[in-house]
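First the structure, in the form of structure tokens, and then the observations on it.
Chain naming follows the written order as A, B and C, and within any one chain the residues start at number 1.
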Amino acid sequence: MSKALISLGAVFFAIGLMLIAVPVALAQTPTPAISPQTQTCLGCHSLYTPGIVADWQKSRHAQKTPGDALKVSAHERRISSETVPDNLKTYAVGCYECHSLNASAHKDNFAHGGSQINVVVSPNDCKVCHATEVAQYLPSKKANAHGNLEKNAVYSTLVDTVLGGKQIKDGKLLNVQASDPARMDTCYACHGTVVTVNGMKKVATKMGEQEFPDLTNWPNQGVGRINPDGSMGACTACHPRHSFSIEIARKPYTCGQCHLEPDVPAWDVYKESKHGNIILSRSDAMTWDAVPWTVGKDIQAPTCATCHSSLLTNPQGQVIAERTHDFGSRLWVRIFGLVYSAPQPKSGDTSIIKNKDGLPLPTAFTGELASDYLIDQKEQTARQSVMMGVCTACHSTDWTNKHFAKMDASVAEADKMVAAATGLMSQVWASKLAANANPFDEAIEQKWIKQWLFSANALRYASAMPGAPDYAAFHYGWWDLNNNLQEMQDWIDLKGKK
Amino acid sequence: MSKALISLGAVFFAIGLMLIAVPVALAQTPTPAISPQTQTCLGCHSLYTPGIVADWQKSRHAQKTPGDALKVSAHERRISSETVPDNLKTYAVGCYECHSLNASAHKDNFAHGGSQINVVVSPNDCKVCHATEVAQYLPSKKANAHGNLEKNAVYSTLVDTVLGGKQIKDGKLLNVQASDPARMDTCYACHGTVVTVNGMKKVATKMGEQEFPDLTNWPNQGVGRINPDGSMGACTACHPRHSFSIEIARKPYTCGQCHLEPDVPAWDVYKESKHGNIILSRSDAMTWDAVPWTVGKDIQAPTCATCHSSLLTNPQGQVIAERTHDFGSRLWVRIFGLVYSAPQPKSGDTSIIKNKDGLPLPTAFTGELASDYLIDQKEQTARQSVMMGVCTACHSTDWTNKHFAKMDASVAEADKMVAAATGLMSQVWASKLAANANPFDEAIEQKWIKQWLFSANALRYASAMPGAPDYAAFHYGWWDLNNNLQEMQDWIDLKGKK
Amino acid sequence: MSKALISLGAVFFAIGLMLIAVPVALAQTPTPAISPQTQTCLGCHSLYTPGIVADWQKSRHAQKTPGDALKVSAHERRISSETVPDNLKTYAVGCYECHSLNASAHKDNFAHGGSQINVVVSPNDCKVCHATEVAQYLPSKKANAHGNLEKNAVYSTLVDTVLGGKQIKDGKLLNVQASDPARMDTCYACHGTVVTVNGMKKVATKMGEQEFPDLTNWPNQGVGRINPDGSMGACTACHPRHSFSIEIARKPYTCGQCHLEPDVPAWDVYKESKHGNIILSRSDAMTWDAVPWTVGKDIQAPTCATCHSSLLTNPQGQVIAERTHDFGSRLWVRIFGLVYSAPQPKSGDTSIIKNKDGLPLPTAFTGELASDYLIDQKEQTARQSVMMGVCTACHSTDWTNKHFAKMDASVAEADKMVAAATGLMSQVWASKLAANANPFDEAIEQKWIKQWLFSANALRYASAMPGAPDYAAFHYGWWDLNNNLQEMQDWIDLKGKK
């Protein structure tokens, strides 16, 4: 950073962050008026964090006031709240408008640049304008993603085992507790951390020393982040700051930040499917930001958002599927992260599930469903019907039926391959070839984990979305399902015969 | 699906699928006249499957009649048949024009919307306008891809072993026959299924209950699909419905649906090569749909299609390489799917090959070629000369010579690394550490499969196309070739000494 | 290749490669004059290698003379030399201008088409106009990349072991020396080969037989290539011929030719990070060739070049980071290719390092730093400050601080996981379960290599750039770090107890 920049910063600071004309940066700003507070923010931030200022200036938030946004017809409207507070209606949705909401709930609220500012903008803040989306999101598995790991004894043991360190003591490996950085880098990067405030601290910035709230487990943009205002979720997981773009959220790269092999190979499978082939080849022919999103007119092939979230219409304007921000609400079966597939849970909080053995899993290790906690056949059929409505925008009903029948069969076969591995483990544990105190921490146990967490998932996804022969065959799929069983059997033979 | 949509559908059905004006959807339709039958199709399908209707409307099929297409000069023409039946000449190439051809051969022909319609459009139908492409395709390995697995005793055993299920019986793994869904998801998704007709069946659609032919192993778009008219192949494997785009077929994502690691890492290798680097960086500067495809003018770097299929010219209009739809016809050596590399086969039907041990493989396990079934040196040289003509459109002759000399050496080295693994297996089988009744079903045997089916292929591709150091070094390449041998030796030591 | 083309070539050759009008190819050429020598080159090459001619014609080299380029203001200028030889000032930078420089140093100089031509253009040639970039590059680790493998006894043993062949003798695997093709395909494809001249040889070309210098280890574009003029490096590794595009060099696919999993998963990690998500989604909204590169105006999210190389300014034109072609100069810690992480080396020639055991490694196997050869804390802080200047163009200072604190912790944890594996190996070697004469050639030793060369690197990159949960968790990261240790322990138990 140049010295010139630092001294210029000092000048800005000295004059008290008053309203400053920033002609270069604001020249591109469109018609909506900018609130005095946001103008103050821009006065410094257009110089010190120009990237996010420019990102915002090009965004819809900078180009349309909530008041004008409310006047748009229902299906084309991008804000779902029926009304918006008067003080927000006539200004662009700027820095201050979002970073000052619900201040009393925000433990991260602090005095900055003459205003009271929240560091973290939460879904509870976004819902002022986007009420329906937040209402759909909150009961979802995504919003509950932090607790669904942390409050589930099985998964939290798995997390601790996968992320726990190792040291050598007396020639043996010794387990070390998983650290906060390890958690932030891995599971909770997607699932969301708990962001709390440890008082204030001084930070040396380009503008000199300043005081900021000291946040724990930050930065983080996990979908189930626990925010300093107590709310759950992070809209920026998919709508990145500070464009909050609908285009980016609809592109498969966004889901591909977390839904990846080996445990959740959704993006991997998608990009080698026919759908992925068309989208990757013809992305520039799609209209990525149209609301509603019209099949044929805007969309040549579906992305993740098309099938799982967006408001879709046909060219006549009739609704094919309503928008949802509960991304599991068009799904009937869960195919990843589980020992066996199972119907979707009734509640997005899956830590409350209890199977017949008292474990927080939707099936027993022997396969029986914890049906009280899972959606029934009627609901499964209703959800599948919505999804098939999307498919049949391009495919015949019979094609679609046959696709899902094949997928059902493959999901069931994947479960059987897991059951075979579980059967081998039962022997291993019974014969004390491994200790089942922690079922996840020995080499042979980790082969069993691979069977359900990696290989079975790959086969299920490859069959479902909507065909990825490589992942079904050799890339974690059938090849690994069989090879892994043979390796387990081979180890049992070697170890057991000694 | 909304109730309004269903009832509107009923109205359409009630009026007998007669010609309906669909102004919204057809407003974009260009000048060619649409046949009355296709207009009937569009009447319903623009409402019920709007995605494929819009896809077609934007396609060349909707924008140019075969009659006009025939008037284009030879190298710029996109249809290769010298003549086209009169009844097809003056209409856009619409739904009816393709789905009604050769009806008597089509077991999937049925009465639908007032016409007799084939569900599956086959290469035998496409050849009415695209005769040369189909004539090139039919004798190719791709067209024969179904039988090349199914009719080959070695490969069909491998398929059964990889896809076979497992159950536990008396504490041991029990093999279960591979299922049809498993076959459809994996090998035959690319190689093509056998699509037959099991009579008619009723399907509940958005337009009420209708009767359709009940197709087996459907949906499928494998390159060697056996169609209900008895023909082989699926043009839609690369030219996806209903745009049948030449642009998509030329983009590497298309080949990347099937030619993927670990067994066929062509796309994986390509995308990290210099060619891939340039194409991924500058795709928007390429002209993807020009016919002929002109080096320099349209093409900055080659894709799969450039080297293996397309009609290429220089900017002066002189032909660099003629178009071919026998994608192996510019190749002299086979580098994947085999125990050892071998010259290309004379026939696309590789199930007829017999090596000295009577097996349908181009080499014996000891490496001797089944030369009677393979192209000779003269033909190899001729094919390499065509490929070098493509390379030298950008590279010097010496650069190109040296590249292929290096590739030849690396292919030979990969074969030696496989021979070493085969040597270890000979010991394993001789000493009964594994049973060779099925040479594919034990853990140690699967290490041997990895050596030739995964690692050796990766090295060969990485050396050939035209340099992917990661796949040659650590990503299945030399690292795995050596590590796998050490693991095999290690297992033999552990197992054998007991 | 058509016969017509060959005979036309003969005509060209017969008239002595004199100046030929090539109206088709040159029609697009812009205003700069083309030197007579380059016109001669184009006379033949526009016909015989039209791809590279067209590539050049569209490039800046064809569109601006060095004389005009010198007149551009400092930050917008793309040539860094203060002056350029007069004979180069007024012509486009064409074939002859680059391929004729410093002829006396070039052992690959030869008579061709009436001029004396160098086959290989080296950094020493490029520096005539791009002096600063070459001066920055030459002392870097990249320029020294060949020797950093070849002259380092540890790494050259590793290379030989990874690339060495295997044959079976007396039922045992026998090591075979790594071949030149194997070296060219793998390590030295990225690190660079030694290109020397073995006299002249005759080559049959489209224009008949011609004589060319016979180059060894060619073609190659590795970053540390030793050129026939004795210089080190290859600018074309990132600026591909013959566009020498700044756009391509700035796109992440370019770095992704070499910086790939499993050993250097930079591109893999980047593309699933938030930065990668935005770039892959919005590449068409970036301005890829602007000089300087302006945050906000041109850049919505960073690529590899943004953080590691490019001249960055804010929208007010103030410099955020100066351009560098020493790509490690904004880095303080080395996180890949090492047993343990270490501060960056003082010299780009890392083969001169000696640790306390006399090995050319920046740490001992027990972890102690070879501090004499590594940058000190002050230099580390200075470099980090430059990088943080880039981060804070979009992120707050506190966000950035916390990110790097987390990364530091994760890098240290990765080192501990490697130390645990090294501890197990100490036992293995001490108890003779493996022979440590070559520490890289047995199966158990290769598990140890995986721990540091693959898995620890993945965790470090995933934490650093700037968050890729998949690679930190299950994709080579924590999962593999733990599972690999368990597999090692398991093997020791099996093997040791016999």
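Note that a contact is a pair of C-beta atoms (placed from the backbone, for glycine too) under 8 Å apart; a residue touches a chain by one contact, two chains touch by 3 or more.
Everything quoted here is computed from the prediction, not taken from an experiment.
Two copies of one chain, subunit A and subunit C, touch each other, and the residues they use overlap weakly: the shared fraction of interface numbers falls below half.
When the CA atoms of subunit A are superposed on subunit B, the rotation angle comes to 120 degrees, reported as a multiple of 5. Centres computed as Cα averages put subunit A at a distance of 34 Å from subunit C. Along subunit B, residues 284, 494, 498 each make contact with two or more other chains. On the side of subunit C, the complex with subunit A involves touching residues 271-274, 276-278, 280-282, 284, 295-297, 299-300, 314-316, 318-320, 385-386, 389, 392-399, 401-403, 406, 409-410, 413, 416-417, 419-420, 423-424, 427, 459, 462-463, 467, 469-470, 472-475, 477-479, 481-483, 485-487, 489-490, 494, 497-498. For subunit A in complex with subunit C, the residues that touch the partner chain are 1-2, 4-5, 8, 24-25, 46-55, 161-168, 171-173, 179, 181-182, 184-187, 189-190, 203-206, 212, 215, 218-219, 221, 240, 243, 245, 247-248, 251, 253-254, 256-258, 260-263, 284, 441-444, 446, 453-454, 494-495, 498.
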